[in-house]
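In structure tokens below, several structures.
Both complexes below contain subunit A, partnered by subunit B and then by subunit C.
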Partner chain A sequence: MRVAPYLLSLPALLLFAGVVIVPLVMTVLLSFHDWGQYKGIEPVFVLKNWQEVLSDSYFHEMFWRTFRIAFFVTLLAAMFGAPEAYILNRMKSPWRGLFLLVILGPLLISVVARTLGWALLFGGNSGLVNKALISMGLISAPLPFMFTETGMVVALAHVLMPYMVLAVWAALQRLDPQIENAAVALGAGPFTVLRRIVLPQVMPGILSGAIIVFALAASAFATPAIIGGRRLKVASTLAYDEFLNTLNWPLGAAVAVLLLVALIAVVVGASRLVERRYAQVFG
Partner chain B sequence: MSKNGPLALAFHTLFVTFMLAPILVVCWVAFTPEGFLSFPTDRWSLRWFYAIARYPEFISAFWRSLWLGALSSAIAVAFSVPAALAIARYRFPGREAMTALFMSPLMIPHVVLGIAFLRFFTQIGLGGTFFGLVLAHIVIVLPFALRLTVASAIGLDRAIEHAAVSLGASEWIVLKRITLPLVLPGLASGWALAFINSFDEVTMTVFIAAPGTETLPVRMFLYIQDNIDPLVTSVSACVIVITVAALVVMDRAYGLERLLVGRGTDGR
Partner chain C sequence: MAFLTLEKLTKKFGTHLAVDGLSLDVEKGEFIALLGPSGCGKTTTLQMIAGFVEPTAGAIRLEGRDLLATKPAKRGLGIVFQSYALFPHMTVAGNVAFGLEMQGVAPAERTKRVAETLDLVGLGAFSGRFPRQMSGGQQQRVALARALVIRPNILLLDEPLSNLDAKLREEMQIELRQIQRTVGTTTILVTHDQAEAMALSDRIVVMNQGRAEQIGPPHEAYERPATPFVANFLGKTNLVNGSTVRPEKISFGPSGLAGKVRTRIFQGNHWLYQIDTDGGLVTVIRQNTGEAMPVEGAAVHLVWTATP
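Moving on, here comes the complex of A and B:
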């Protein structure tokens, strides 16, 4: 056995052991500690926080809301991001690069600035979004977006949309255009080509994009905090409150660890399913 | 390949509008002449841009973010170069697990990382310090640096190195004169991507930044939590303009697609 690769990665390994693994283990331990308003954190082993998080209906509702929002965000991203990636891929040279920059660029723009944009667009009953929807005749009365789940879903779909476009785009690059041409030559209409040729081949891309978007939506913090305000809580904003307002760190740690475990379960489970289903495509 | 029909182009127009609307709206409101949030139509004003100068906390937070990003990305690149060479050139037991560990900050929710760092730094006496921020940012931007470094290390033609060795170059000379210059473009773009991610990071940083060590996104976030006024839109507009400028430079220099999609990486 050669030692060179281990020596080369040793600095980074030590860094990650010290600054990632140790803090995560400390957080798991913290979730088993006791806490009181006056005594602070007591380093004893109790199941109190976990019992509270797992049995209290307040936490059930909050986790349920978190995953419901993540689900709808993923759905929106797949419904709009996947077709857009396909359209983008069929564009000609200057437009293709330009619009790719326009659509992927927001990924690198501060999430606080982007969410602020949505807060301005929603802005109460006179917000621009409502004015636009009413003038298009889609709705008759203004919809509440600020401080609602609908607003959170729309803003998060915008924040995470580039990830979906990126995943589908990457899948489209591996696609052989000759297959499409062959289908057309054999007499298939555009919708048949899309449904029978393109969609099955980019499905792994859509699914891996969906996994990324779901995981990021369920753990998003800044967007739900700004759009949801102080009342409408998701898992991450609740953990933040426990840590920096209530100061009940052990309970906050339990919420965070549960979020992490639930997300790992969903992501690993979904990835396994996708890989098994598309073993031929990946292999 | 056929062309996009009118329906596809209509969809595309709506999609691009959706993607750009919130960003443009921030820049639009920033030019309001009023003392409250409004959409300027006939009268435009720079008063809220001048107003930033009266809030030193935004300015100092901006410089802190800049230094934090530059420093943590540089250190992250320094850590990832040897690790990337190991991952790209050797097949060894634990290689997959090690890569997964280095990529894990992408998968672990930043809220969880923020909490973990808060607990850890408080325990070891680094709570609320700039040094703690740097440590935390090194870890969260390392995956971006590593991914691009691995990609360029894999793309490297090893015959050039062998030629240097056969011409009598020592291992150190090969590393210094051949290997590092060849992976340098990858390192530069890895640094740039790491920098942008550090500069924008808010979720993890909001847990570990204290009043004297707030970064710009954290300062903006905390400000918005209290109230939304035109000042924060003008600050955001500045951030957007800076990011877009950096983006265009990176796109010209390296290609945004290559940067974000990544070719030949096995990280993810």
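Moving on, here comes the complex of A and C:
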């Protein structure tokens, strides 16, 4: 057996084990410990926290909300991000770079700052978004955005949009530059070209973008914390509250581990599905 | 009146004249090759016929109708792209059927014509495959079938064989010629490969810097090149004592232009000689008949009959 490759990867493996595996295992162990208001954490093995998380409808609602929000964020990001990437890809040289910067620029700004920006736009009945919608005649009374799922979905979709644009952009780059002309020459109109030729080929890109956006939306913390506040909690803010406010670390750990497991299940399942569906065609 | 007419077709990109007043009459069923080095305007010409590039000036007429007034999707042309541009998410049958579907051909008729065309290109057994499961040569045939199945007015071939290896390219040339003869579709081939152009076409348009230097049958263009550019582009040439002579027209004789063999290269079916003479370096190609040939350093005499 050759030793050198293992030795060379040892530092990276040690770092990975130290900062990922160990804390993760500790969190999993923590979720089986007992906790009491006055006795604190007791390092024993009980299933109490898991029973609570899995049976209490309060937690069901929280997880259901988390994944519902993540689903709609993904949908919104795909609906806007995919056309955005397509238009961007068709732009000519100076504009393309400029608009790519406009779209990816927000990645350079802290999520907290961006979300606070949305909070300002949403804020109260006289928020800018409501004013704009009313003046356009789209709504007659102000919509509640702050502390609602709608607000969270809108803000998260904006925050995570660049990931979708990048994934679709990458798929578009792999398209044969003549493929649209080939379809046009065979008599296809612009809409048919999009629907029958371009969309099916960038679908893997949209789906991989969707997986990233879904995972990031379901595990997002800053945006739900600011827009949802303490009134409208999701799994990540719930875990945070259990840890830092109730101080019930074991219960918080159970929530965190459950979120992780559920997310891994969704992401792995989805990418398996995508791979199997497209392996034959795109390899 | 010609089937397809290009009239003083011109395309400017900025200040660069890509195609400079090209005029050409193509008869129905004819196989035309646009031949030239890269940047000579041959691909731009093809794209203008296809409708992907708008001419700056000039006209294109198909059976007397103004083709430029017709949208690219309605021109009814079959195009084989250099990259094939097959739809990777569709099966071979799906690819070939696409054009028929766009024309609104009924499913039963569609299936029949797809099968016929795949048989024509020798891919009858591959209809369920996806493009990436096929070799380059097979993909090329799919692209050809996809272009032919719609019974196009004109078949446009954009460097269709350049992605194939030499042996396969030769096989495809023969096959392409046979298929074109069978279906009788007027065909325009764009290529930078003079052997390909001469092997396939009825007439060659030798292009240089956006202009047609010579239009004529391959044999005529080769034997009687109108310009030095055409002579050089269509094959090796010697300039001896002011006249142009093809290397294969020169033979060794008992008397004639005296020279000395500088190099001799064996190429299987022929020998390639470089001879030092008073008139400069002369290239000579001699058929390999199995006989002994002059060796390097040998004194020789060169004879040829001057071309009219």
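Just so we're on the same page, the second predicted complex is superposed on the first by the 280 of 283 C-alpha atoms of A that agree within 3 Å, B and C clash if a C-alpha of one lies under 4 Å from a C-alpha of the other, contacts with A are read in each partner's own complex, and residues count from 1 in each chain.
Here is the rule we go by: contacts are C-beta pairs under 8 Å (C-beta built on N, C-alpha and C of every residue); 3 or more make two chains touch, one makes a residue touch a chain.
Because the structure is predicted, anything quoted here is derived from the model rather than measured.
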For this session: State whether subunit B or subunit C is in contact with more residues of subunit A in the superposed arrangement.
Result: B
Exercise. Just subunit B (first), just subunit C (second), both, or neither: which does A:Asp176 touch?
Worked result: second
For this session: Determine, under the contact definition given at the top, whether A:Ala188 touches first (subunit B), second (subunit C), both, or neither.
Result: second
Exercise. Given the touch rule stated above, what does A:Val46 touch, subunit B (first), subunit C (second), both, or neither?
Worked result: neither
For this session: Please work out whether A:Gln201 is in contact with subunit B alone, subunit C alone, both, or neither, and reply first, second, both or neither.
Result: second
Exercise. Is A:Phe99 contacted by the first partner subunit B, the second partner subunit C, both or neither?
Worked result: first
Exercise. Once the shared chain is lined up, is A:Ile139 touching subunit B (first), subunit C (second), both, or neither of them?
Worked result: neither
Exercise. Looking at the overlay, does A:Leu15 come into contact with subunit B only (first), subunit C only (second), both, or neither?
Worked result: first
Seminar exercise, completed: Where subunit B and subunit C land on the same part of subunit A: residues 177, 181, 184
Seminar exercise, completed: So, in the complex, the side of subunit A touching subunit B is made of residues 1-2, 4-6, 8-9, 11-13, 15-16, 19-20, 22-24, 26-27, 30, 80, 83-84, 87-88, 90-91, 97, 99-121, 123, 128, 155, 158, 161, 166, 169-170, 173, 177, 180-181, 184, 190, 215, 218-222, 225-226, 235-236, 239-240, 243-244, 249, 252-253, 256-257, 259-260, 263-264, 267
Exercise. Which subunit A residues qualify as touching subunit C in the complex?
Worked result: 176-179, 181-189, 192, 196-197, 200-201, 280-283
Seminar exercise, completed: Per the touch rule, the subunit B residues reaching subunit A in their complex are 1-5, 8-9, 11-12, 15-16, 18-26, 29, 37, 39, 79-80, 82-83, 85-87, 89-90, 92-93, 95, 98, 101-102, 104-105, 107-113, 115-120, 123, 135-136, 138-139, 142, 146, 196-197, 199-200, 202-203, 206-207, 217, 220-221, 224-225, 228, 232-233, 236, 239-240, 243-244, 246-248, 251, 256-257, 260-261
Problem set entry | In the complex, subunit C residues that touch subunit A | 50, 52, 72-79, 81-83, 85-89, 98-99, 102-103, 130, 132-133, 146, 150
